[in-house]
Amino acid sequence: MHQRVLAASVGIAALALALTVVLLAQVPAAAQAPKAATPAATKPAPATKAAPAAKAWTVPRTPEGVPDLQGYWTNNSYTPLERPNGVTKEFYTLEELRQVEKKNAEREEEQTTPGTVADVHYDFTQFGLDRSQTRLADNLRTSVITNPENGKLPPVTPEGQKRAADRAAERKKQGAQYDQVQNIPIGSRCVWMNAGPPMMPPGYNPAYQIVQSPGYVTILVEMLHETRVIPTDGRPHAPAGVRSWMGDPKGHWEGDTLVVETTNFNDKVAFRGASENMKVTERFTRTSDDAIRYEFTVDDPSTWERAWKGEMPFVKIGGPIFEHACNEGNYGIANTLAGARKEEKKAAEEAAKKISTK
Amino acid sequence: MVTSLVTSGLLLAVTTVAGQAPAYRAPRTPDGKPNFNGIWQAMNTANWDVEPHAAGPSLVRELGAIAAVPGGLGIVEGGEIPYRPEALAKKKENQANRLKLDPEIKCYLPGVPRAMYMPSPFQIIQGQKHIMIVHEFAGAVRTIYMENHTEAPADSWMGWSNGHWEGESLVIDTKGFNDLSWFDRAGNFHSDELHVVERIRARSPETLSYEATIEDPKVFTRPWKISMPLYRRVEPNAQLMEFRCVEFVEDLIYGHLRKQPSK
Amino acid sequence: MNRRILAWVDVLALVIAVVSLAVIPGKAQTRSASARANNIPKPYAPPRTPDGQPDLQGFWTNSTYTPLERPRNVTKEFYTPAEAAEAEKKAAARESELTTPGTVADVHYDFSQFGLDKSQATLARNLRTSLIVNPENGRLPPLSAEGQKRAAERAEIAKRVGRWDSAESNQLDDRCLIMAGAGPPMLNAAYNANYQIVQAPGYVMILTEMIHDVRVIPLDGRPAPHRNVRQWMGVSRGRWDGNTLVVETTNFNGKNPLEGSSENMRVTERFTRVASDTIQYTFTVEDPSTWTRAWTAEMPMRTTQGPLFEHACHEGNYGLYNTLVGARLEEKKAAEAAKSK
Amino acid sequence: MRARFLGPMMIAAAALLEAAPAPPQAPAQAPAYRAPRTKDGKPNLNGIWQAVNEANWDLEGHGAAPGPFWQLGAEFSVPPGMGIVEGGPIPYKPEALQKRKANFANRMNLDPEIKCYLPGVPRAMYMPYPFQIVQSTDPIMMVFEYAGAVRTVYMKKQPAPADSWMGWSNGRWEGETLVIDTTDFNDLSWFDRSGNFHSDALHVVERITALAPNHLNYEATIEDPKVFTRPWKISMPLYRRIEKNAQVLEFKCVEFAEDFIYGALRKVPLK
């Protein structure tokens, strides 16, 4: 993650980054208000703290009559996918959550101060890369994973373990990280930044825009200008040979919930070690003017012994989303590789000098 | 002279006919706007060259006929782009060095209007406040702001698009471009003063007519216009697919920086 | 011409095409008695297509021994039938000589066996002593200054570049790119001078057997495209003038010059069905940057029997390959010989 | 069998005809489109047509992939396609599948398209170039921009004189549909740039039906007992080129392929 930030986008992309985050930072005042209520809203119904069904809220609808999910959203969060070791409860109190947020924000900010971490290239604060500068989608959960109930990924199957070992061996075979562009993490290469599904918050710019048209729900992801165009007309999945990073999403409405089932991933996505057989089922439910409840199930018997589930809120932010032209401004890769070649040359020269002076 | 008379006569005739023909009225979205939702694609050779051009060989011998240039009648009205002399020289240089310079080869965002006539589909997603145009090539996206029009916050590849309806037409005004995208593989180009006004209207249930006026005082002596039909992809299973080409161009861009040089 | 034939080994296609053509309809032969009437259209009402165009459809040939230009020693415009038969006989004898090894420098094909003799297929007989009818001397008009200069330049280039140096330095027809006479104007191919005309509403299509070159000619009055759009066969636009199909062609690429023409050439063709078995084909060539004046030629096209078979010339072009291999071998041999001296 | 294919076709037809989204109606009830007629009373298929899909890269459904020639980057990368083969993969015999894979591995040397060879059938129908149907009573011609290929469809049945690249086509009308039966192919053409191939036992039966004024439905059943375990089918729409000045232009690609084919035999080698 850290490397990604370093290697990607030093020039034009940085400008774009700065701009977007500035834009996003202008959270509508109204959206700020119900902050305290939000975490509770994401809690499952059977939880002890009752859901605030205080005033009768009705879901807005698009002109064609389906629930209206449109607008700008974020799932910005410090909540980890898996429950940290040592934490045993499912939910923090609000005070505890604020503590966690504060600690994380401080850790991020440290990166700003030269000397505190090994390689500070960006000023996180200046470029708005601190998550705490954007609106957080508060979540009282101690982990995104809700099932298994321990908040951890299920055990990996023998097949999954073998695949992980094979992948590691293959990576090793390819040489060191900066030997060739293909060895550099995929995000730094502007190929893929885990836009999902499932849609986990990225390190920065966790911004989304949802636009609906008859028969479609479209989600624009700021990072890498990814777009998920989800048909809701009941058509079947693409043929098995059609593989892609974002997979092939097909949606339908169950009551007021948008259910999206995605298959046809390629074997390079490898979300948490998954295979190309992964199936992700997502559920988007608008729970208030300000929030969407996002639940997902990951099903991949060739990787995990059982399916697992996660949940997080999306909350409103101000728009617009600006172009993230990552590849186009990716000076980082060329500079990093050129640097590596230079260092090798220097090392070789020094070695030669040593030999000759002996 | 004779030719130009004939041509203008013909244009007149066409205009008259078009003027008399009852204009097609597009079906409406639930909120009463012409409904352009769908997957669309141009079917012409404009991405090779927006100007009229003859068939020609590929710059890459190894590809034989497979990547040769098909001839095309062009989509520029009147045939030629009104370059300033120094800009025309740059266009020719671009064309000669296309393999090094064409942003398409490097999987860079295609810009406007090129995104509209790339040989791959795009989808129009028509929301009420925003109309999205999602392109298969490089996953490029345009957001057309239908309300709260603002200036571009900064320059970008795809520009900043404000749209409005004029009867049956969607009019899109796009500025805020950087000077890095091209119009085609022939090296036709623009500066960061590019201003594109597009007019899109339905001409039948399965076709749109697309026009764009292109203005860029740094590069052209006057505004000029392109026009072409767009075709709805009518396969029952038509869908926009992923063409994440960055991965396909990395050896091209960074191959020389490999530890073990690629053969 | 001879070389051209050498270069091909796609014999099968040729054989089949010509064999099927060799079945000459008897009718076509009998009309030659009235042949002098070629240029005097009798009141003939051509059949009509379902959409009302004069019907030119069918299989046609313009195979002939009549030269484009009148031979130097001939002064009259028409032969008598006897003279024409004599000229034909002589030309056919010359062709069949190509069959007998030793008679010409390099016999690779057996002309008679492979049906390459024109005399084996339908001939579109013609009493004219030349296809050119204007200038009246039956010869091409003088070259303009520009035309002379271009001809000199071409000769200069031809001197510099060896014919077998590369595929590109071979002749266009050896390369299966386009036949010299593919036109327009549609001059008479050395063999397989066969055409199929098919009409559809708004279009006349002419399929040329050689290299399956097709002309799809729109009749709706559309203008020629922008001058940048250049093609080997130009761009054709047609219209009906009474019962005559008039086709104007421009936008040539200039790489297949007709008798030294430039890319500015304009060809106007007129197709008139003058009898059930004859189309009178007249064309005028205008190219001020080559000739001091326009010139006009005329010939009949006669019905022949179909079908036309696929002439996959390039796909079976072993000749070009073998010729280049041979040239490289000979160079090697020569170099070695020079060394050993 | 037939009814199954009619279903989606008619849905599409209905969708095309009606301005509003087609109501969820049983396909069988949708009124079939009746094409305008030529003067001799046949469905009028005249026009300039073109496929808009990725089948020429690979008939079967496929994701995006790097192209076989990295120097052209994204311009020559494989665009993803849903595929036009109905119902699963092409039913190759095991040894034929091996050959298909070998073809794919050597496609930059073997694909006839690189050499500007005639495209064969059905490939000619989905090359990324237009073609024109010139429909007389008999024959019906198809004139392709790519390599200037031509097909003659004989409406009065004629026997094939010999094998050829484009095969020998006999046609007939079945109501709204032009049915073309093509045999006598040589074994040299491919179906796409992925090395899908056939033998000289190839037999293609095409069914072309107007769906709407500007669309044709194209289906072909492909049979070749030397290569496939059973007949299989492709289907796709064809689009009318509707520009006022639409025209099949000249693409004499022999010239563009010569250095590829003969470049090694130059007197002065190319750099």
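So that you can tell them apart, the chains are marked A, B, C and D in the order they are listed, and the count of residues begins at 1 in each.
To be clear about the criterion, a residue touches a chain if its C-beta (ideal position, glycine included) is under 8 Å from a C-beta of that chain, and two chains touch if they have at least 3 such contacts.
Just so it is clear, the structure is predicted and the values come from calculations on it, not from any experiment.
**Student:** More C-beta contacts across B-D or across A-B?
**Tutor:** Looking at contacts between chains, B-D has the larger number.
**Student:** Quick one: report the Å distance separating chain B from chain D, using the average Cα coordinate of each chain.
**Tutor:** 27
**Student:** Rounded to a whole Å, what is the gap between the Cα centroids of chain C and chain D?
**Tutor:** Here chain C and chain D have centroids separated by 32 Å.
**Student:** Distance between chain A and chain D based on Cα centroids, please, to the nearest Å.
**Tutor:** Once rounded, the distance between the two centres reads 43 Å.
**Student:** Send over the residues of chain C in touch with two or more other chains.
**Tutor:** As it turns out, chain C has residues touching two or more other chains at 222, 225, 229, 231.
**Student:** Which residues of chain B are in contact with two or more other chains?
**Tutor:** Residue numbers touching two or more other chains: 55, 71-73, 106-107, 138, 236-237, 239, 241-242, 244, 247, 251, 253, 255.
**Student:** So which bits of chain A are touching at least two other chains?
**Tutor:** Where chain A meets two or more other chains at a single residue, that happens at 214-215, 238, 242, 244.
**Student:** Tell me the shape of the graph of touching chains, choosing from line, ring, star, complete and other.
**Tutor:** Other.
**Student:** Residues of chain D touching chain C in their complex?
**Tutor:** Residue list for chain D touching chain C: 38-40, 44, 46, 112, 115-118, 132-137, 139, 141, 143, 148-150, 152, 154, 158, 161-162, 164-166, 188, 244-245, 247-250, 252, 254-255, 258-259, 261-263, 265-268.
**Student:** Under the touch definition given earlier, write down the residues of chain B that touch chain D in their complex.
**Tutor:** It is residues 14, 26-27, 41, 43-44, 55-58, 60-68, 70-73, 99, 102, 104-107, 119-121, 136-138, 185, 204-207, 228-229, 231, 233-239, 241-245, 247-249, 251-253, 255 of chain B that touch chain D.
**Student:** Looking at the complex, which residues from chain A come into contact with chain D?
**Tutor:** Per the touch definition, chain A meets chain D at residues 214-215, 238-244, 266.
**Student:** Which positions of chain A touch chain B when the two form their complex?
**Tutor:** 12, 15-16, 19, 23, 62-65, 70, 175-176, 178-182, 189-192, 209, 211-216, 218, 220, 224-227, 229, 231, 235-236, 238, 242, 244-246, 320-323, 325, 327-328, 333-334, 337-338, 340-341, 344
**Student:** For a test of understanding, state which residues of chain D touch chain A in their complex under the given definition.
**Tutor:** Those in contact with chain A are residues 21, 60-64, 80-83, 88-89.
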